[in-house]
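Listed below are the structures to be examined.
What follows is a pair of complexes built around chain A, which joins chain B in one and chain C in the other.
Here is the complex of A and B:
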């Protein structure tokens, strides 16, 4: 049963990646202008480049050539960076993954406990938490990033941009890790704070609803303490919408946030996609879009599996 | 280029950064910055210089790419036979320690320095020079420099009688003379000959070439390149240049180029002390942001003077574009362009667009180009009445009682201006133009587009008018024939004419041929003054204001000799010194 389910999700992931990457490539190609316009001011040089890159060929030819390459796991060459798309994406995906993991952990560590608190507590504390969360959700990532960059610039506590220091070449492994950790707070907080706020709101509402369920009252009637009843019975049930959000969060985080990555000069997938779009670097755009779609599919799958693990009713539903 | 997202981001970032990062704001005051080009005499060795770079190179091969990152890479790691001093405009020695010019002004004999080697220890000889010119003129290489390295359409003849002597023969007399060699970085024959022989030269020196295989004769060697992050260059221990006290250059041990694509992020990193200098001029609105750092003595604001690439407005003067347009009778006339020039208050333009940091100009050569600027050109002073009078003379009158003029066919006096989206000075400039012309009854429709689209439409002659800036490749007009000559690919108002479309363009063509072939500098200047005069009379392009250029540099950096053309700060990177702790 689980095998068939995984196969179905895998098929969905492949289809999603194919559609998204094809659409990005075709739309980028069809939009006015092309890569050669910013590559050179010289008309003759631009014509030569157009021929060299195959931009003088019909769209269908270009698309099917690219598809042919995909079958062989060849994602083409980035025109902007003169490097294979696969290698570029692998490098940048790793950088984004580091940032996304930290941001996700941060968001979870802050958002979920605060959500449980605000969804079950009484008094002004819950309103205060709720108000801060609404503020966190409302502030766009751009403004959040700028604010954090401002704080970093004023205080000097953290670097305002980049992933490592220029002297990183001479550092040993542990020093490099410390250097990386020093550069992470600004982008990780910029990404993590809005997510923590969203998680807090969702967790708060979900646990408030779950705590009103009869089985929670029954567990308390059996003698369980209020906190235990909440954590052992209400919380797992309340996780269903929260884990649903996780899928989207993983997908969006791991495909990179171009705003945060540009503002903080983090060399990740979001910035790569942004630069690829600016330059009309067709194959790189398609590669980045495919990676983003893949992460979204994986994120949704992880969320579904977590949901099945956390909520017996889901497992029971699947078996039924 | 597709910059919609970037434009949106930039607009938000401009506001955001200014609002958030400014400690306090004040209008730019040129008195504080003017004259701050302090060339420190302190020259200590060591340290790391950290600068920013907006974009990444597509290749390290300067012969096939002219973009700024590739050019900068070439300056850092390469060397030329001679160099034009960007600050003084004098020709100075490079790999060639001396040279002589024959009385016919056609033959130049250069003597290479003794004992020079490439970074891998291989001797650098005249064979490398010959190889470089062989590659440059090879049709298979299709070098971008090949066009610039021709005189009267003919290549230079380069021979090497012995390992230290290079003879360069021009096919005709050439005004800029030996300065033409400033274009060409000399390449190592021993590492690239095979690529040239096998037809793979265009793929050589790619960005994926391992740094250890990049052999150079410049002050620095590439140590590492992490795409999206940075370049790290180490000193070349075999660099041939020494200072007057015998200290081997470069002074700095290391140069780091941090890749920061966004100008606002770049500014913040300078403020935070993570950068020593920005590669681009700072925007007028950022001067106030940096003022506190200047007051604290952390950053120096350097005013380079008046920029040499000002914004300009030009109409499509290709008559075939207007063949079916009823407006052709007046829109193609020089009187119409003169009326526009009269209608714009250049002082107000300078205040609005450059926050006061600009000077009115009347032609493409600005006061920043001291050697070639002519103040004696026709000026069209601000006068709404005069503009209206000229427009009336063209038969434009308000015939329907609305706010716009119409011609005798009732076609509205209206035209479209294309400009670069996301460029704040151009966006403000076109707004000033629109408001100024509204006052005389002319409607202007401003269409901001991606820079690449504007350029594409320009080359396809698919536009009514364009307002943008045009970067000249050299301050010497003889080295920019594509702009001045009617047949030129960058003769922007009517590109690539088979025969000059107008008498005045033919006259400019004739004069420019003389400017190019004449070797007497005073005579060249006199001839070019005439070119500027004719251009101002006919106004194919209308210039309003040239901005003053400000650069921000950390106070750690010494021995700077800023220049007006790029790379403004790093053109003599071997002489730049740094003190104190490097930015983190």
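Here is the complex of A and C:
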């Protein structure tokens, strides 16, 4: 059963990648203006370039030869960077994946424990955490990254902009890692804060609801300490809605990372796609869109599998 | 929740219409001697609110100091020979407060038009799908699901980027609202479809049908009113999302051209590292957007507590 489910999800992923990359290629090709406009001002030169890049060929020919290349894992050449799309994207996709992963881990590490606390504790601390969360949810990545850049620039605690310092090439790997870790907090926090706040709110509600269940009272009647009763019995039950949120968050993680990349000059996939779109760099646009769609499909799949795994009924069915 | 959401929408509409009337100066008026002038502090003196005018203290650093020897009235209470910047001035010497108020018209106005369009189209498509069922239902909902899977900002970005990049402001307004409607309608349609699919089996629909009401009348007069609550909730969620989307688009230079005052173009002018650190008052639109999103979340929050 799980095999068939996986197969269907894989089919959907392939379809998603195919439709998204094809649509972005076709839309970019049909859009007014092409790459040669920013490459040269001389009409004769442009005409020559157009022939060279195959822009004088019919749309269908260009599309199908691109598709033919895909089958051989050839994603074409970026005109803007004069490099193969594959190499270009591998670099940038890694940067975006790193930013998104760190932001997600940060959000989980902050949001889930605070949610467990505010959902079970009594007193002003609970109220305070809730109030901070409502403020946090209201700071979308665009606003958050601008404010964090302001704080970073004013205090000098963190470098502003980019992923590594200028001259980062001369560093050995441990220095490079330290440099990277110094650059990460601003974009990762801008992306992670609203996610952490949503996680906190949901975890708080879920564990409050779960701890009212009779089995929690029963476990305490058996003599378990209340913290243990909460963590061992109430928390696993409350995980289900929280894990469900991860599937929803993948999309906002993506949208958010674009904005954060632009504001903090993080060299990621979103900014690459934006540059490609503006320059009408046909194959780079399609390649970025395909990679983005692939990330999206993988992210949603992982989230769904986690959700299924968190349900003991599903796990039991799997083993049987 | 629904009443408070409706109040928020009305308040924002009023702000969009009325704000420019409150602005002390025209949005495009540039005071060349006051580039990046800081906000002035109003205080009470002799029974009226006044400020000290600014004088340039250091041309190299572009540093201003208040001239404590004299005072001028606030722009609404009397004319003066020097400009009064309550929220400072931007890189062209334009009054940030005035631009914030004019920008409210552009940004909230665009979001309102797009929200209205998305709710209208989403309601009709969802109602049609839920009412007809069968292949209509299947195909409308499949399209909606597909749009919902994609990250909204990328769809908006691609659709906007493939249109001509330089366009007159009014064209931008219309095109961008259409793009927003295109990505926004599925959020509305899904809920409407679910409600209508249930409601159409109710007796009152059968009664209306037996009295001779046509399909269109049943949908518009009987079924859509059942969705009012859902529609208002969705409108409240879409509105801040669209305000933010405009800000993002304009921030990356795909929204309104610069002379137009919108919250996005203002942030685009403010958004480089040097400017942010030295002239933080140009981030005023970010605070305005934060306030609107916060208001939406405060309206949505009590509903969560009621749910269990």
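Here is the rule we use: the second predicted complex is superposed on the first by the 294 of 320 C-alpha atoms of A that agree within 3 Å, B and C clash if a C-alpha of one lies under 4 Å from a C-alpha of the other, contacts with A are read in each partner's own complex, and residues count from 1 in each chain.
Please note the rule applied: a residue touches a chain if its C-beta (ideal position, glycine included) is under 8 Å from a C-beta of that chain, and two chains touch if they have at least 3 such contacts.
Since we're looking at a predicted model, the values are computed, not measured.
Novice: If chain A is used to align the two complexes, do chain B and chain C fit next to each other or clash?
Specialist: When both complexes are placed onto chain A, chain B and chain C end up clashing with one another.
Novice: One more residue to check, A:279. First (chain B), second (chain C), both or neither?
Specialist: First partner only, chain B.
Novice: What is the contact status of A:16 with respect to chain B (first) and chain C (second): first, second, both, or neither?
Specialist: The answer is second: A:16 touches chain C but not chain B.
Novice: Is A:38 contacted by the first partner chain B, the second partner chain C, both or neither?
Specialist: So A:38 only meets chain B here.
Novice: Is A:162 touching the first partner chain B, the second partner chain C, both, or neither of them?
Specialist: A:162 contacts chain B only, not chain C.
Novice: Report for A:143: first if it touches chain B alone, second if chain C alone, otherwise both or neither.
Specialist: So A:143 meets both chain B and chain C here.
Novice: Examine A:251 and indicate which partner it touches, taking first as chain B and second as chain C; both and neither are also allowed.
Specialist: Second partner only.
Novice: Return first, second, both or neither, reflecting whether A:91 touches chain B, chain C, both chains, or no partner chain.
Specialist: first
Novice: In the superposed arrangement, which partner chain does A:205 touch: chain B (first), chain C (second), both, or neither?
Specialist: In the superposed model, A:205 contacts chain C only, not chain B.
Novice: Go through the superposed model and pick first if A:135 touches only chain B, second if only chain C, both, or neither.
Specialist: In the superposition, A:135 contacts chain C only.
Novice: Which of the stretches 4-12, 40-48, 202-210 or 238-246 of chain B runs into chain C once the two complexes are superposed on chain A?
Specialist: Here chain B runs into chain C along 4-12, and the other listed stretches stay clear.
Novice: Is there a shared patch on chain A that both chain B and chain C touch, and which residues make it up?
Specialist: The overlap between the chain B and chain C interfaces on chain A comprises residues 28, 31-33, 142-143, 146-147, 149-150, 153, 160-161, 258-259, 262-263, 274, 277-278.
Novice: Within their complex, state which residues of chain B touch chain A.
Specialist: By the definition above, chain B touches chain A via 1-3, 5-6, 9, 12-13, 16-17, 20-21, 48, 50, 56, 58-59, 66-67, 142, 144, 206-208, 223-224, 226-230, 232, 256, 258-262, 264-265, 268-269, 271-274, 450-453, 455-456, 459, 489-490, 582-584.
Novice: Residues of chain A touching chain B in their complex?
Specialist: 28, 31-34, 37-45, 48, 79-83, 88, 91-92, 95, 142-143, 146-147, 149-150, 152-153, 156, 159-167, 169, 258-259, 262-265, 267, 271-272, 274-275, 277-280
Novice: Give the list of chain C residues in touch with chain A in this complex.
Specialist: Where chain C meets chain A, its residues are 146, 149-154, 157-159, 161-165, 244, 247-248, 251-252, 267, 270-271, 273-274, 276-277, 280, 283, 286, 289-290, 293-294, 296-298, 301, 304, 308.
Novice: What does chain A use to touch chain C in their complex?
Specialist: 16, 19-20, 24, 27-28, 30-33, 134-135, 137-140, 142-143, 146-147, 149-150, 153-154, 160-161, 201, 205, 208-209, 251-252, 254-255, 258-259, 262-263, 270, 273-274, 277-278, 289, 292, 296, 300
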